[in-house]
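Note that subunit A is present in both complexes that follow, paired respectively with subunit B and with subunit C.
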Partner chain A sequence: MSDQTKPADPEKEKRKIKAVGKMKEIMTAYYIEAKTAEQTGRKIAWITSGGPVEPLIAMDVIPVYPENHGAMIGAAKMGPDLCEKAESMGYSRDLCSYARADIACAPVNGGPIGGLPKPDMLICCNNICGTVLKWYQVQARYFGVPLFIFDTPFCHTVFSAEARRYVRRQVDEYIQFLEDACKRRLDKDRMQAVGRLSLEGQRLWQAVLDTTAHKPAPMSAFDAFFQLALIVTLRGTQTVVDYYTALLAEMKERIENRISAVPKETYRLLWDNLPVWYRTRWLSEKFAAHEACLVADTYTSAWCGTIKYIDENDFLGSMAEAYSRIYLNIGVDEMANNVIAMIDKYRVDGVIMHSNRSCKPYSFGQYDIRKIIQRERGVPVLLIEADMVDERSFSESQVETRIDAFMEVLK
Partner chain B sequence: MKEIQLFQDIVARPYDYARNWKKEHSRKIVGHFCSYTPEEIIYAAGALPFRIFGSGDAVSRSDEHLQAYSCSFVRSALADGLTGKLDFLDGTVFPHTCDTIQRLSDIWRINSGPGFHTDIGLPVKLNTASAGEYLKNTFKKFKTELSGNLGTDISADALISTAVLFNRLRRDMQRIFDLRREDPTVISGGDLQTIVKASMIMDRDAFSENLSAVVDNLKAAPSRPPKPLKRLVLSGGMCNISSMHALIEDCGAAIVRDDSCSGARYFEGAIRPDGDIIESIAERYIEKIECPAKHADLFRRGEALVETAKTSRADGVIFLFLKFCDPHAFDYPYIKGLLDKEGVASMLLEIEAPLPSEEQVKTRCQAFLETL
Partner chain C sequence: MITVGIDVGSITTKAVVLRDGSILSEKITATGYQAQAAAETVLAGVLSEAKLKSAEVDAVVATGYGRNRVSFAGRAVTEISCHAAGASFLSPGIRSVIDIGGQDSKVVVMDANGRVKDFAMNDKCAAGTGRFLEVMAGALDLDLNDFGPISLTSKAPAAISSLCTVFAESEVISLISKGARRQDIIAGIHAAIAARVTAMAGRIGLTAPVMMTGGVAKNIGVVKAIEARIGSPVEVSPKAQLTGAVGAALIAARGSM
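So, the complex of A and B:
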């Protein structure tokens, strides 16, 4: 987001979340650390956004997230260029734009931060999609580094006993893989401590998201899209705990002082699917102009949705189930139940579904979820066609018309 | 050849065949979508494993459930499931394959597709001991579930004789593929594709019998003068456009090897008919060359295709993908690069069923053949 140097509007200033500056600092320091890892002798692992990062933290490996990179590329509006480049390399335009952008970045160190630091290893957990498997295979061939696949069988209706045993065995294989790569044993106490911090971080993140149940909401989903970065990248560190503790305090303060994300919050909406990274500002202003606030979303809550499966005293053991049952690795009906629970919890008046060409596992099933929530809660649903990074699949005028029409229905 | 005519009649109207078969034999039919379905277990249970290709009719019914960026195979299968075309099915089985099939399973279940519904939570990895153990356990669990759903026991004897039958028909199929590789005039690519399809929907005993007759006929056939045809290898996923092979061959080519999911790869390997028979069945699935939605090795699929192109003395390779099929699309640049390095020409044909324009496909094929 571009910071304009106009005289500050006090009304707007008041609404700015103060923690943002700190977050930028932390993320900058994190990327500098990752980019200089070669000099400091630390290892780098590329890992999928839903992957088990805690053992990496416990082993002092720096986790790097190509998907987070994808989001940065999208927000910097560099998506179409890089996607086209991937297409010229032979990758179909119908593939996930995170994958396309990242694959195209690697050989040229492109993108907003001059490419990601080279990986020493790749950790791919398929609990979000099958795309990451293919994407990480591509990168494993390109970088010639070891690839660990953490295979979490899809839980259509159950997490079977067979699957539990399989995933649990892989936790041990994963640790072995890291010990081989780092030529060091895992410190069990350290692992346990990281596990506790991870859980604490997730609880705090959930608490932050919960504050928007308040009317008016102190922050919006657009803020959550930004604030999310830490729980994704540095889960399991004290930094995350400290940051979200402060953020939570700020949100509570805002509630007390009746500072809301949207000046006159009349309508409360729920967002489904990934953000449209290159249009977050535009969308947020668009909804605000209709006095609507996106108070919750299914995306950012995915990083704290499986707290109930985690056993504080046996993090590694319980991690198998927690990582297998995340939001995208469950059946459409269970997803619909989650959405319904959110509609109730956040007292939502309408749902915006981003039908995201890039993300098939997130988008296929949306029509049925729409039907289910309309039946169960009678809440209107708007579907907008877009893509999270590839702006070529976005028609501003069409989306605008649809939002305007939808808001008329709500009114 | 009358045996081939029989296959053609069945493949032209697979749903009619299934309905009649069911009536005649008073047996059950289990539909499925993927070459990793343990068809052996279904057949040993006395039921007919029936691969759903989708008829391509009334696809608009799918629009209520799936966005336009889903592959046409899944759209057409779902439409058939929702419009009662598959009402002869006693159940449907969904092995874990790609992101699209995964959601198809949910949508199918929520909207009560015909009969019982079973997900087989296959591993994505096939190259580790724990994945192997998990796959075997998954098949064992499937056997128990299936036997409950069909209300029948599945005996070890039945499994063994099914394994023997499947081994035989897979071997016979490999024979035809080999005969044709040596001499593409023995049988047309279109006819061979018809046999392949029949093998996925027909009563397997009847199929095997008829197939043996075909093999004998082909072997006995007098050799014909060779035709100056370009030799092509097809590579790709599931092809549900029945005219595709004929369309390509009519441009002046012979498809000497079809390496796709619905081609030779489906018939690879044999089951060791001893030990724990479910485990033996599972081992074949673990060992055969993986589909692109699975992981066994970073290089094996590409190297295998180069090898196939060489051993079949191919002039070129056509990649035949369904549009919106992610697993294949991701592998394409790498595998094409390998072929380039070996000096094997290739072309990518991205298709959708029904084909928007046969002419366009023909033009592209002809242009490609001219460059060879």
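So, the complex of A and C:
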């Protein structure tokens, strides 16, 4: 942010990921394209972060993510203002801070990019939470645009045959909805090509995340929080494939040249839940000062966690299962199994769980998951209480003491 | 070897001088606005009482919420490690510590060697801590030191349901206006604190023997209420409030956790 004002530290320069500049270019171009869509005659769909975006890409609709916008608001430290505005509009403080920030942004074009471009339609997939249903209904009323709800039943352990039929039928309804909104047919070949690109993008993203299995890790979860933007927003495009191909090459090069994310990586940690967007730098420096690297996280890996369910020859058909079985739509035991697999894969010494006041489905069950992983792997777990966007729910000295104490226990 | 432990808490700052495993002197002062000044005051106090010059001190460790603001300390260590070390020193064999200080409450579980195994801390709310009790003493127009003995005379503790300091205070005020007996109100406050800290302990699981540390351990009413809740005795050292400082001085002597 204010890096330019300080003299460059060669040690820090060496550790900077070069692809970052390209990512900023791509995201800037993406937001300019979205904000000028009205002039260029393209349609805009707002979509939830875990929603099936590929049909939108195939229909040449620009997907826009209120949650990605929420993360930007958080990182720009504009959360409390917008949350307070939503509260003055009558929304409860207990409501998700992404939802509050987005709802408050709409009427005033607030936030770091002067608000999101007006949607032509809204696509809401409830695989990430139940809040999105009401949130998107509020926005559909506000903008007076059609809303499509993609309902994914909760998968405690299995994806039943009934659930498969139910979700598969909605895929057809979704396509019909898009064809009505765009007044043209979906090109099946184009859809198949987008599906392949999506899968390739997800595989590459997984490969990028897997480079941190190397000791020392060439990147950290704090880097992943940033690098994530493309797999969320532009999944299914060549841009994503090209970008992550280059990023993967850079990570392999860093491993060869022994460039690590943290100068002296002694402890390897796993992060659970969304980032604390307004404190990523503080947290990153805090952990680095303890010679600890957050080598993996359950959040960024959610955008490549269901590759095994995707059939590249039948993307639309198999996407029903892939979108239903994401990390936030499975039972606590399944979640714990995922975390344990990550502990083993990335050779983790400790787990940091962010109990996120905003995100109930993510934070609910953390104490049980903690117990399960302590029992199965004996790995220490720290819980810190915060919020992804609303800084009013963050207490620096409380969080600092917990992290310091946790690191004293690890040592 | 001579070491000093400084514990800068939210309400009081404590210092202890340790020489080869025995306490030479100790001091407690109000932290006030300037943590560094309070730390300097207690340091000067303990050194003069032990008739030592600062050059004779081998190492200083600071702990407590103001631990990073003590410029003369060689190292800052959290209260969690210091309370565990201090409790093991004051009563060898202790396996769990319940520490209730000015704005924090925490539970620490140790292994047989006194090493920290796990801990839990209160969240961003100071309900059930020393500051909470101060507010209640204000509402009841009593000296906080009298809370413990008075509460033990209660036969029917009042129900205090709110976990928020401000709301609990208004609950107390409405109990007063309804004519509830003072001892019953205080016993109710202590029971609410015990319920809160026991719930926190439940997350990590207590191992006996249990010791209570921190300023609130001076309140016999809270100690008895916790004992009733967890169903086992709770040890309290006469130096309970100094546990963190003692632990800091020990860690300074060991040169490691």
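By definition in this document, the second predicted complex is superposed on the first by the 408 of 411 C-alpha atoms of A that agree within 3 Å, B and C clash if a C-alpha of one lies under 4 Å from a C-alpha of the other, contacts with A are read in each partner's own complex, and residues count from 1 in each chain.
By definition in this document, a residue touches a chain if its C-beta (ideal position, glycine included) is under 8 Å from a C-beta of that chain, and two chains touch if they have at least 3 such contacts.
Note that this is a predicted model, so its numbers are computed, not measured.
In the superposition on chain A, A:Ile57 contacts neither subunit B nor subunit C. Of the two partner chains, subunit B is the only one touched by A:Asp94; subunit C is not.
In the superposed model, A:Arg141 makes contact with subunit B only, not with subunit C. When the two structures are aligned on the shared chain, A:Tyr367 is found in touch with subunit B and with subunit C. Within the superposed three-chain model, A:Arg165 lies in touch with subunit B and out of touch with subunit C [touch as defined at top]. Of the two partner chains placed around the shared chain by superposition, neither subunit B nor subunit C is touched by A:Leu82.
When the two structures are aligned on the shared chain, A:Pro380 is found in touch with subunit C, with no touch to subunit B.
Counting residues of subunit A touched by each partner, subunit B versus subunit C, the larger count belongs to B. Looking at the shared chain after the overlay, A:Asp404 reaches subunit C, while subunit B stays out of its contact range. With the contact threshold set out at the top, residues 367 of subunit A are in contact with subunit B in one structure and with subunit C in the other.
Within the complex formed with subunit A, the subunit C residues making contact are 65, 76-81, 104, 116-119, 121, 123-124, 203, 257. On the side of subunit A, the complex with subunit C involves touching residues 367, 380, 385, 393, 395, 397-398, 401-402, 404-405, 408-409, 411. Interface residues of subunit A, counted against subunit B in their complex, comprise 89-92, 94-96, 99, 126, 129-131, 133-135, 137-138, 140-141, 147, 149, 151, 153-154, 156-157, 160, 162-163, 165-166, 169-170, 173, 331-333, 355, 357, 360-361, 363-368, 372. Chain contact summary for the complex, subunit B toward subunit A: residues 64-67, 69-70, 94, 96, 98-100, 102-107, 109-111, 119, 121-125, 128, 130-131, 133-134, 137-138, 141, 292-293, 295, 298-299, 323-324, 326-327, 329-334, 336-337, 350.
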